[in-house]
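The structures come next, written out as structure tokens.
What follows is chain A paired twice: with chain B in the first complex and chain C in the second.
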Partner chain A sequence: MATSPTTVMDQLLTGLHLPDGLDAFAGVIRESLAQVTNSASWTRYGRQSLEWLIGMNPVDRLFMLSALTLLLMLLLGRLRSAGVLAVLLYGAQFAALLSTDTLFGAPLAAEVRITVADQSLHWSYDALSWFFAMLTIGAGFVTAWYAAGSWMRRYREAGRSARAFHVALALNCFGMLLLIGSADLLSLFLGWELVSWASFLLMALVGGLGAQAALKYLAYAISGAMLILGAIALLYSVGGSFEYDAVVAAIRGMTDAQVWTLLLLLGGGFAVKLALLPFHLWQAAAYAEAPGAGSVFLGAISARMGLFGIIVFIVGMIGVSRLMTLEIPYTFMSSRELIAWIAALTIIVPTYTALQQHDARYLLAWHGIGQGGYMLLGLMVGDAVGSAGGLLHCFNYAITQAALLMAVFAVVHRTGTADLNQLGGLVTRMPLTFLVLLFGIISLAGLPPMAGFVSKWMVYRSLITEGMPLLFVTAVVGTLGTILSVYKLIHNIFLGQLRVEHQEVAEAPLSMLIPMLGLSALIFLAGFIPGPALSWVAQVQGQLGLPVVPWVLGGIVDPRGGLDMIWLVGILMAGFGVGALVFYGFGGRSRRVHQLDNYAGGHFLTADVHYQYSDNFYAGLMHLIGPWYRGAFRWLERSLAATLDLVSFGAEGLYRLAQPTLLMLAAAVAMLAWVL
Partner chain B sequence: MTHIDQVPTPGAPLPVEIGVTPGAKRTNPFAQVFDELVRFAQSRSLFMLHYCTGCGAVELPPAMTARFDMERLGIQPMVSPRQADILLITGYVSVKTLKRVILTYEQMNSPKYVIGICSCTVNGGMYWQSYATAKKLNDYMPVDIYIAGCMPRPEAVIEGLRGLIENIRNGRADAWKDYYRRYDHYLGNQQRLFGADWQTPTDVIAEARHYDLFGPATLGAHTALLEQHQRPLEALAMRIEIPELMRRRSRADQGGTAQ
Partner chain C sequence: MDWLSAVNLDGLAAVDFRWLGLVLELILMPLIAFVVGLGLVLMLRKIAARLQRRVGPPLSQPLWDIIKLHAKETQTSHGLIHEIGIVMAIGGYVAAVTLLPVPGMNGLAQQGGLIALLYMTMIPSLGLALGVGQCANPNGSIGISRALTAMLAYDVPLVIVIFGVAFHFGSLNLVHMIAAQQAGGIASWGIVQMPLLALAGLFALQGMLGKQPFEIYVAPAEIATGPMVEMGGKFLGGLFVMQCFQLYTAGVLYVTLFLGGGEHWLTFLFKVFVVTAIPMTIAMVFPRYRTEDMVRLFWKWPTMIGLLGIAFVMN
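Let's turn to the complex of A and B:
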């Protein structure tokens, strides 16, 4: 062998494209690694395979590592150390993604390709793929870390299979990476199906309500996939090829009617995954009932795959300007406004459904649906700031939702319930978890100084500057619902009366706390200095052919009003600072009192009586808006399901000829219908 | 139960020490200006917790709303004793209610002012012979202003509030200090009515020390009786107990003791 392990490591590290400042750091790592590799007895085979991995095409290497993760989890998932191994493997995937350098560099095609019946499936990574792959692997990484210690121990103790969980997570990541890198319609469909089934696996792991919800999801997913298949067939029949270049050319030559059909098929198919109205009913239960860490992963990234599809086809290939030319007959709306209004309703309806939930998991899952609306809304505005806001919200939302769900499942881990009516006062027992949840809800509600504010502000601003005031009002009404319901979340879990049974609750275990705290630091940093995330978004915009957002380190610059978060956060903190100075400088002292030394109309309080107001939260508001909750969508879903039932019952009879009378009846009805 | 000696002799001063305390005299003219400013600000912004006992409460809605409008004096209702300045007792106080009134009074932050509306709070009024009502409110807590009448009209209520405002501006409204200085006296009266095991969640003696009002009459036989059975309510401590770290620490502790 000519190469020593040291040079192998050299190659690995130079492949990482470390920034200049980190060179010294890399040197230290390189030396220590060299020591390790020299002292350890590497087998010849191991060294060769490592070299092979390093010499590979970077995109292939990414796929390879993802597949390796899946394989190792399949083989070793039952071991206790599998959790740590998974964290390392996701970390390696992240490094491999960075080494592709497709965000700032040129797009890179993978060398793997599959040829089926003269059609070749191939993959390639570009800035958009990089962005979503970063989110996917990042979500996988924090989820794996969260699950690695105490959580998995509890999961095993409940008699569940650790291997199944690890495999489901790895399969999800793998499927998503394939989908994100797809470079033709066939590989897209392959990836899509893989993702659908993988998320079904993750949802159905624990059975019970989760499995029911997963089955419902499956029904939706299959119909969505059928729509996408229809779109693919349409595109193939027009363009004669599955390649994206041919597809773009084909779309350009399509008539308006064809584009409409394509829009309905593709939009419908992807909307199911993104849970846009009216296909939103499956998501909350499916995500909330998944096992804790799985729910974190699903909530953070899974539904974004639908958005990815919409970005590639509707924003990228059809283009917002083409959408604007597609008028809806007899109305003054274009198809762009139609989609924007669907997005706006997707913000409002699920957000106010979340307001009614009294299970913390469901509350967050419903919000996940609503936040998808903001992303689509920003993209549909289509200007530089709006589309950047929509894309940036994918990132901000992913870190926010992951942190929030982690905090909620940490509470579940400690108290055994996510029922908002059975918790309270936990701030004194789980202060760090409280902090994580606090950072998360500020970001989710889109308030400064957290990350969510930046992206939501950009969406709002673009709605105003592009002359869509009604949509702006809708978005703000949605935010109002978010603020109300996240307040309910933090109040009912952490504030108010600590229950007798929770007196001895401890803080979340360290293995769960570290990713939680890391994410909340990220939430603050991405709000304080949004520049780096905006630079990724700007690359994605450039690649999609959208106008590019004029970003700086602290936000955006624009003659019509920019945003500098560094100033904004500075002023905000200075405001608090002045307040604190006035209070403490003039000798202000605060005194904490016991929770039973509280005013309840003069009653003497005892620990066994609940005086916390958590059930029927917002009774006054519900009195006003309660009658608007009609459950119309549930009714629609039920009636559709009933119709399908009837049809399948009839078809079954027809198929088996077991019900000749029914057949006769159906034939008679059909005849009558024909005659009349 | 009824104690005839509770009836005040007509014309006799109420057993409340009123006036600026001798030690607090300021010589620094700037400090006096500052004190003046603070008192002015306090007197023009009063939050009122109206503990509506008895029938006098019906005079409050007109006093609060457009006709007589106490808000023009800077007085507003408040829902919680922690943020309130005035405790308004609007009529006869039954023994059961009195317990709640005292609890509420102790939960208020100083400076705090008590106004007794209606003759019933002054001397029991027409419930003088009742076995179930407290006669004199100022036996149980220091009262700043009484507004007599059965029931007093809103004009009278407003007039009383103006009196309180005037007292606050002149620095004479410090009856609340008396509760801390002579806590034993008030507690004794309370114990006579409610029994020896009477206690509230608030630790008044600690608060007396907090406000620098601890005096020779703060403690006495009655507080000694209280201390015998009092269960202190400590605030819930913030606990960061990460099990992994705790275990490591306890292991280190064991190692330390083993050596």
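Let's turn to the complex of A and C:
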């Protein structure tokens, strides 16, 4: 006998005892399901649910749509049209976010709340939440579009579950939206765990190396979550409440030792997600080995959740000025300098690790870790321009990294490899993908006229005006390393000699190209006219109590040296015009020749001889700095794991009481030692 | 511009003509840079000739070289990016020189300071690197790999110098720096106030211009002139134009940071030619370093001198 879905759902929902907030929610679902099955008129149902959605609290509506996306992907994820549906749903989420008007308007609390054991979990959106939610939903939107067509067909053909992918992506978005809307410590922890597990799901989808990396991530994430739990326990024991207002008051009354403990616990926990040194080892493999579109999403936004935590607690609640008063004993450093140096090392070490990679995905993933350092560094400088630069870099980096990873995975889609020693010359076959990658690398390296230049310029400028020479030099050395590394990336994929097996490669499919080109246009526009993005950042600064950046449409106004990108980009374009005039306007016509019509020291080139320089691209530099790569962090990680292994082995022995006499002896010795 | 304000525009008083002045500046500045750059190239070749006991080329030789290269019948292109690379190499410098104030003209120096200038001058390098990459010749790619490594080497002391100078003047704005130096006379020039940074800057200049002993990336006998291996005709002509701009930018930047900028054109050009002559003379006397030796050298001596200089500036 077949049971109708409504009754099953009904039984499920009435059987469960739900807290207050969810009861109403369940009632709504029950009602709508009843309407779907009973009413013949779909239009009426559609109109009613639309009216219901419009009448809702805007933040609830956002959560509702995000949960609906998850539900629909769970139900319909198998369908071929699920990809298009997902794009539409993420678009609807974006519209819902805009309708909350929490960026320029007042903060808005959600009506949904869950009460557990007298503690209420609730959510609220403000300018900071809006900013990060915009990045999250934007990343979800472009990722879903990228995955909607040809990419997903290939994914299915490989025997993988489309539904699992869609659900994982929707769950990530949902978890992040809950996390960045959290208004108390419990909802924060709930969101944090949801995000951690959701990103594990996305990483582990294809198995193999990805699953291994995901397991390693999980070990890190659980340790990080324990630290955060410890911090929550500390805050509760001091303040007696999970509410943020009480937490702020509690921190104000804390002793320096307590704040240090809190800083280490929170900082450690969030640093794992952001992959700050020395907790950075998990990220590159976990992000690079995820399925293409998933990697785009993870690379663009996922790690920023760690930064969000740092912004809320360390920048917002503890405050940079408090950090400056916390001296490290026996040194000249304050805790703020310590964090700034951790950020600076997070720029340098991963960037130069990226320089050594010969897999395009890993190269970009390592750079992703390094770019996180710039954001934290800017925030730690803490002045108006620096903190705005750090926040703006979240946006600029997200669009840049998404475009870059999309371009690389488009190459993988067409050629089947991301190995930088197996590619070359693809610019003639995939010119638009080349253009996307070019825009992306200029932005990632922080050169004008692209978006990345603006935010990095702001970080540099604040380091100069605040008088931090060594951090400034470190930040610039990181940028120089990025330039070297991204040139290798574009050279080894798109320039040089086209291989015989790639002669027939086609341009990336349209479904992948459209989001790629859209992001490239955005990268250019955000560099040309940084004003709109700066206005968002200024709102976030105002809400966090930071000094607000003096922005205009073209950049920054400041008597000590401002920046006007409209003029700079304008003159650069004019310069290119002059260059084109000089080159194309005068002299003889150039004649295109075949790539084998080339200087080879008197030899004749043939198609079967590979005439390309790609492996060990910076041989001279590596000759010098190669021995500096000691793998010290890997050694640290391995020794930690080995110690843990040993302890668990010992504990297992004790547990089984394999040697009761030995245990007695050990206990006796310990007792004696204590007594004496 | 001074002379423009002298023109009587009574009948057009309602129209704001300041933007017209700016547009004129933006046209004139690259032109002047190009002409001065041609002069600097000529000086470079004259110095080399004199040290080798030759007479050297006549006055207009650099210009004729460019015309000759453009007029060649055989113009071999390896694809669109090869051509775009040259366009970017010239265009980036045309834009960059408008950020450098010269006597009577500030151009866009108020809209982008020292850091914007530094990064703007990387655009031509990027364009060149892309163009060379498209040529599909490993000699060229090796040359670019070496050139970028060289950049990593000399930029470390260079950014230390930039930090020190910006901190000293309390601004990233080049117009402010010049004003501060000219108001206080020679005693307030960067070279007097920050001699160690000026020395480190001179080192960096040598590397920036890619002159001996730091010209491993062209190494004609080893990698067939590296980046230039597939460049002929107007492709090489474009690089020639780029070199004119590059010499000008480096010379003017040094004069702006350390030698008080330009009060008027005569002293300004004199300073620029003297500063640029130093690396050229050194270049003719020294043999060539390998890239790793270059990195080692730059990360050691000029970096140490620069950091010491910053320590003095910040105290």
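Rule of thumb we're sticking to: the second predicted complex is superposed on the first by the 610 of 676 C-alpha atoms of A that agree within 3 Å, B and C clash if a C-alpha of one lies under 4 Å from a C-alpha of the other, contacts with A are read in each partner's own complex, and residues count from 1 in each chain.
One rule holds in what follows: contacts are C-beta pairs under 8 Å (C-beta built on N, C-alpha and C of every residue); 3 or more make two chains touch, one makes a residue touch a chain.
Treat the numbers as computed from the prediction; the structure is a model and nothing was measured.
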Fit or clash between chain C and chain B when superposed on chain A: clash
A:L636 touches, of chain B and chain C: first, second, both or neither? neither
First (chain B), second (chain C), both or neither touched by A:I442: second
Chain B versus chain C as contact partner of A:R592, first or second or both or neither: both
Contacts of A:A670 with chain B and chain C, given as first, second, both or neither: neither
Most chain A residues touched (candidates chain B, chain C): C
Touched partner set for A:T428, first chain B, second chain C, both or neither: both
Partner chain(s) touched by A:V500 [first = chain B, second = chain C, both, neither]: neither
Contacts of A:L88 with chain B and chain C, given as first, second, both or neither: neither
First (chain B), second (chain C), both or neither touched by A:V557: neither
Contacts of A:F576 with chain B and chain C, given as first, second, both or neither: second
Chain C clash site on chain B (candidates 76-84, 94-102 or 184-192): 76-84
Footprint overlap on chain A, where chain B in one structure and chain C in the other make contact: 425, 427-428, 498, 591-593, 595, 597, 599, 601
Touching residues on chain C, where the partner in the complex is chain A: 26, 30, 69-79, 81, 83, 86-96, 98-99, 108, 110-116, 119-120, 122-123, 126, 129-130, 133-139, 141-142, 144-146, 148-149, 151-152, 155-156, 159-160, 163-164, 166-167, 170-173, 176, 216, 224, 229-230, 233-235, 237-238, 241, 290-292, 295-296, 307, 310, 314
Chain A - residues contacting chain C, complex: 424-425, 427-428, 434, 438, 442, 446-448, 453, 457, 460-461, 464, 467, 469, 472-473, 476-477, 480-481, 483-484, 487, 490-491, 494-498, 554, 559-564, 567-568, 571-572, 574-580, 582-584, 586-593, 595, 597-601, 611-614, 617-621, 623-625
In the complex with chain A, residue positions of chain B that touch it: 51, 80-82, 99-101, 103-104, 107, 201-202, 210, 233-246
Complex contact set, residues of chain A against chain B: 150, 425, 427-429, 431-432, 498, 506-511, 513, 591-597, 599, 601-605
